[in-house]
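After this come two complexes, each holding chain A, first together with chain B and then together with chain C.
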Partner chain A sequence: MSKTEKLTAPDLQIPQNSAIFAKGLNFTYNAKSNFAKHALTNVDINIDKGEFVAIVGHTGSGKTTFVQHINALIRVQSGYLNVLGQDLSARKPDLKALRKQVGMVFQYPEYQLFADTVLADVCFGLKNFQVDKDKQTQMAKEALELVGLEFDKVKEKSPFDLSGGEKRRVALAGVLAMKPQILVLDEPTAGLDPRGKTEILTLVKRLNKEEGVTVMMVSHDMNEVYENADRVLVFRDGGVAYDMPPRELFRLEDEIASMNLEVPAMAAFCNELERQGFVLSDGCKTVDEVLAAVVALKEARNV
Partner chain B sequence: MEIIKLDNVSYYYKAYNDDGSVGSAMGVEGVTLSVEEGAFVALVGHNGCGKSTLAKLLNGLLIPKSGKVTVNGLDTADKNNIFEIRKNVGMVFQNPDNQMVASVVEEDVAFGPENLGVPQKEIVARVNEALEAVGMSEYVKSSPHRLSGGQKQRIAIAGALAIRPKVLVLDESTAMLDPLGRKEVLEVAHKLNANGMTVLLITHFMEEVLDCDRVIVMNGGHVVAAGTPSEIFNNAALLDEVGLKAPRAIELSQKLISAGIDVAQQSDARALGGDVCQKLKN
Partner chain C sequence: MFRDVTFGQYYPASSFVHSMDARVKLLLTLLFLVGIFFVQSFVVYGFVAVFLLTVIFVSRVPLRSVLRSIKGIIVLLVLTAVINVFFTKGADAAESPLWAWSPWNGFTIEIYVNGLKTAGKIFLRLVLLVMGSSVLTLTTTPVDLTHAVESLLKPLKLIKFPVHEFALIMSLTLSFIPSLIDETDRIIRAQKARGADFDTGGLVKRAKAFVPILIPLLVGGFRRAEELANAMNSRCYEGATKRTCMRVMKLGWRDAVASLLVVAFFAGVFVLYGMRGQWNFITWLYY
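Now for the complex of A and B:
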């Protein structure tokens, strides 16, 4: 691994409230072989504590590679990365502390369930972090209740006897049990039915708003990005092409189309109204919010 | 003509109780429905409602515990019919990576006809025809694992087409794909349908349901409703009960109408915006 330039924290002026700070981050897969593939090019990102950031972009745009840097599943090749005050470009960062603070929920996390009982599965992470046995059960109980499962009902069940949505919530509980400060979710709602999707998103949003957990969510569903994220990062060809609040981003209809992404339905609706001179507040994102705004507009004009 | 017919079909899975005794879990119960040849039918419902059980009953992967499934007039419960039925019903499942059996695309597509004992010359013709139909001809010598998810699913569809089925069942085949991949697969499905293929699309994406001829809604192992997409999406009580949601633009247009703003019910959010502007200007 070659580090072309060594940057250190004092030179970089990391914002005080920063959760994730990347500067000039580069990554190449199979760097020394004929199959070398450039995945990240000079990525600069700062994410503050408590933000809800969505990451979108095409398959192969570098979003997963970036996300895997956050808990050092992929080590920094060149550039600088600081997560919760820890310099991950250092030679030996404290990975154990980092992984306790950064919870990763991969795609289809229910495929990773393995234990005989739900309780054992949720406790696995805690056990590895040497939490006391009594405390493990307590923390697992809290996590399972957080994801909306009744502890006494599910604790002795095999995770494989649960429905798809329940399995995913158990997998999520296994991550939440460690009380991470940053939660990284890679397509958390893929493959779920509409009700299951709503349940997961409501939970993630609550963790963000009430517990102050910093959320990074990779998603292909622009409607869900639009309704939940405070800020959207669009990855393209290994770099960040756009970084802005969702309402602003989805006004750029031509750019969105050229990247083969979809404009969320409610954004398309509001854009059309704006083109014809009717401006709704940027806060109108869900169907009901848009409805209320249109009705108010109509009433104001009738008076 | 009815290509698929289910008459009061029930299926129960074997399940072990907590004490180790063998019990049963309901897959589907009392399902009666039929699909016309050449139709494009969507099957929706939340996770665990019996959609996939129903799909597996259609080509004899599962045999009903009671009732009767007939495909093209053949009873799936009759063992002598199984080969003929599987020639008639091609299935594509959710995970593209689980459905590749060979290391070269053309061999993967040839897998079905080879098993049916189709002569070599005809296999080549069928493979080429199937790849052409899904727009993947240029990848004939490629290795499947280097393709995108949408491309892999199109190869899986080509594999099903190579047995020349009358019915194509897509069991959540778009669930794991990115938006571009989903679009590719749906375009192929609609193109095949336009050429006479009966398509049964199982999906969670309500946007995909809009272009279908008919929607079948399942809940708790039962068929609870069937109708055109607009009939289904107009039935808010039903959608709520089964945990589904109309696409956002339709939901908004319905709610605008209830609020006294007289717009047409539609799925295109931009057109709806135009309509609303008209109403606001008047």
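Now for the complex of A and C:
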């Protein structure tokens, strides 16, 4: 990292409503050894507050590396990164303030549970961020209810006695309790049954729409990406290859296939319809929406 | 944070040493480790060092990788050397201290030439011990090493020692280490994201900060062990009942050559040790 590469905020014209702003972000693992591995090359991304962004890409495409930058779990090596107005390329960013605002849910978050009771585990983050003692219980209660658990039933239980799905929800509550403005999720639905998946996704979507939480979700399930995200970033070889709304992205069937990604079922269906001359609005993504649109189209033709 | 932990640090290469039978390598390493203790002069330490460097050269493992193994015992090295420098008295009553300092009455710190020599020898001995054994682990995969241990312990079956189970425990332990390191890393990140702070505060606070790492790690360890046990059970695994090995170990010409050279070298070391003080030139070697 040379001095001349160092960018500063005023030169960059960060958009007003930006939640995450990256410019020329580079990252190399084991930079000084023979095993050096480029993970990010010149990544430019701007994500506005309130967006629901999905991040997809192959293993090793750099998506996890990028996502961990947002929480300063990985420090900026070169380039510029600004999260919620904080310059993370600065030498000493205020990590506590940052991590309080950026909630991060890792893969299999239930494996991070540790406390004697569910309540204590959910309060762990609150305690670390020095929230008032009397407020902690209230906030934990809200978070647990948000994820669909009955506070009085679970609060005194050991988190290890819960079922897999419940554990994950407790872990999620542990992050949500801090009321983060940005929520980063790394494959939040991996290993869950279909119902558990829907529940988690509905919750995330609700947080995004109702509370205005900015969501970044890493996922390998193109169907859930397609149905939930407003915007998809496709990572390839450490850079952003595509950055567009999901409907547009999944029209590019050949490009998607060349990156070994799947076209979601409903997108493939709509693409085929379009080829046959039936164009539905871009808003139709779930089965129900597409069905309604097809029925409407049919009725319109019959008239 | 825990990335630096190296264990089972196999260095893949194809060399004379790599293709030797793991059992022979293990036995020769043992001979080396025992032999080191019969070396008592700097000159012979020099011979051993040259011998070891030759082996390292033949094994095509970069010297840097071998030296890295010393990093782990650097504290021990320095500590033993320092203690020996200060607490070894003169070889005989006639030797006067090289340096003495008496901060108060009845207490004197003295350094003798003899102490410096002893410290130097112990330092060399430890360095050579660690380097020698790391040549074994650098050129032998943990799997081969376990097979070797199992094969060498076979005679113990006569006294009903569960050799196979012992070897299995060894290889399972080794295979769990990388995944546990990964898991530790992940848990640390997850707790950091929830505001955990491992770097500030007093000793008690820092020790407490590790609870949120250790408990998930332990729980995870038990979970993995149980999953593995289930996987083995469902495949009808049964200890040592006439199992065959996928890779059968065979002795080859390399093993013969290497054994001959190493045994000859240490035979020399033992002879020197046995005859110390008898001839002039040997006495010189031992001065």
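Observations on the structure shown:
Definition applied: the second predicted complex is superposed on the first by the 299 of 303 C-alpha atoms of A that agree within 3 Å, B and C clash if a C-alpha of one lies under 4 Å from a C-alpha of the other, contacts with A are read in each partner's own complex, and residues count from 1 in each chain.
Methods note: a contact is a pair of C-beta atoms (placed from the backbone, for glycine too) under 8 Å apart; a residue touches a chain by one contact, two chains touch by 3 or more.
Just so you know, these numbers come straight off a predicted model, no measurement behind them.
In the superposition on chain A, A:Gly238 makes contact with neither chain B nor chain C. By the touch criterion defined above, A:Pro194 lies against chain B but remains apart from chain C after alignment on the C-alpha atoms of chain A. Looking at the shared chain after the overlay, A:Asn260 reaches chain B, while chain C stays out of its contact range. Judged by the touch definition given at the top, the superposed model places A:Asn71 against chain C, while chain B stays out of reach. Contact comparison for chain A: of chain B and chain C, B touches the greater number of residues. In the overlay built on the shared chain, the residue A:Gly24 is in contact with neither chain B nor chain C. In the superposition on chain A, A:Gly125 makes contact with chain C only, while chain B stays out of contact range.
Shared contact residues on chain A (touching chain B in one structure, chain C in the other): none found.
In the complex of the two chains, the chain A residues touching chain C come out as 68, 71, 73, 96, 99-100, 102-104, 106-107, 109, 111-115, 124-125, 128-129, 160, 174-175, 178.
Chain C meets chain A in the complex at residues 183, 186-187, 189-197, 211-213, 215-216, 219-220.
If you check the complex, the residues on chain B that touch chain A are 45-48, 94, 148-149, 172, 175-176, 178-181, 204, 206, 243-245, 247-249, 251-252, 255-256, 259, 261, 269-270, 272-274, 276-277, 279-281. The touching residues of chain A, counted against chain B in their complex, run 58-59, 163-165, 190-196, 220, 222-223, 260-262, 264-266, 268-273, 276, 278, 287-288, 290-291, 294-295, 297-298, 301.
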